[in-house]
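Submitted below is the structure of interest, expressed as structure tokens.
To keep things simple, chains are lettered A, B and C as they appear, and every chain counts its residues starting from 1.
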């Protein structure tokens, strides 16, 4: 089953592209790599929830927010790659988790994003990863997640030197 | 207008390379990509200002410090690429912003670096980005910013396998 | 002297691969680049020490823990590249250092990892770098370090499109 088919089966509809908060773009291609800007759990332009893990946000909620941020990342990725079926690998996921003092379960939170990659892309979704804590994040988001994907050579070639 | 010409028009003189604080180098090329080490707002080897956003440092000051760190990044980039005119894209900017409790305007601070990329490189300066908070940074710097650039294929080729 | 010979001379035996804490893999190759997941100072599956720099962990201990995390990173790298002798460059090291309030010596801690790269790979071990603080890290680890390496073209080619 292709990634786009899998997405449909999961009942996931990719949202409109969230607007960047600063003077940058949602993603950049270089060769076969696509760098995705830090994604927040925005829905209709608003954070689904604010606060920190270990305080206002539970691990279970955090994982769902990580999944929501990852869905936004897939929307950005599709806009760049044309179709998720042009993706050959999820290379790297870096998750910054807003953490109250003493919260050390960042990996469990980031699993919400990692699991989605596996569900959508299968073995191509298995990625290198880092989960780290942050004392504060933009707009008081509980999670911010960035991604690097590899896409098909011919798709990458089109934009070389762009 | 070329990037080097634009820099001149902006009245920006790139400084001497800031010395790395540890056992590493300012930048590494791999293929067409240049990875720039985390840059601080150093001037003549000293931090322009110390402290945290939301406490000792205002958003406006922070944005100027981010711009200063980005200027140091361009100095490193020129040393690696020979000339800024060999740059084909600013691929990724990651900004770590020292944040006092409750400070959530990291994107506005990082705009100081992002805007400079756009001013110098035009559309080639539009980058993917992540702005995150940190409770502490080296030397009590308010901002630390790292960069990935893409340079011309023939420049990249010279160093392949280096 | 090759990197594998150098490792032997240093008396370093690379450990069994530490198990990832989430739904991801220890490393991913894309072209000539290898992305290594965030590494912790685990020994036999347990953190050598927990706590924060500037509180429970001294700079000297922190540097040793960074070295231990880097050794785990080399184990992951060897598993991916077949041999450390297939490595053409250590491209980037990013170190997250768990920091108590007021701790600003993150670079000295990360030197424990940077110095090892230089010892093992010589000039090929010189890398771009960022050292940043974090208020909390997974499992209360004092350090988490991620790496990007460049490997020989023919090794990279084998897995292109994987």
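Note that in this section a residue touches a chain if its C-beta (ideal position, glycine included) is under 8 Å from a C-beta of that chain, and two chains touch if they have at least 3 such contacts.
Owing to the predicted nature of the structure, the values given are computational and were not obtained by experimental measurement.
Asker: Since chain A and chain B are copies that touch, just let me know if over half of their interface numbering is common to both, same, or not, different.
Answerer: different
Asker: I need the rotation angle between the copies chain A and chain C from a CA superposition, between 0 and 180°, in steps of 5.
Answerer: Copies differ by a rotation of 120 degrees.
Asker: For chain A versus chain B, what separation do you get between their C-alpha means, in angstrom?
Answerer: Chain centroid spacing, chain A to chain B, equals 24 Å.
Asker: Can you list the chain A residues in contact with two or more other chains?
Answerer: 31, 94, 134-135, in rising order.
Asker: Taking the complex as given, what residues does chain C use to touch chain B?
Answerer: Result: residues 31-33, 88-94, 99, 101-108, 110-111, 114-115, 118, 126-135, 148, 150, 152-153 of chain C touch chain B.
Asker: Chain C touches which residues of chain B in the complex?
Answerer: The touching residues are 20-28, 30-31, 35-38, 94, 96, 134-140, 144, 146, 160-162.
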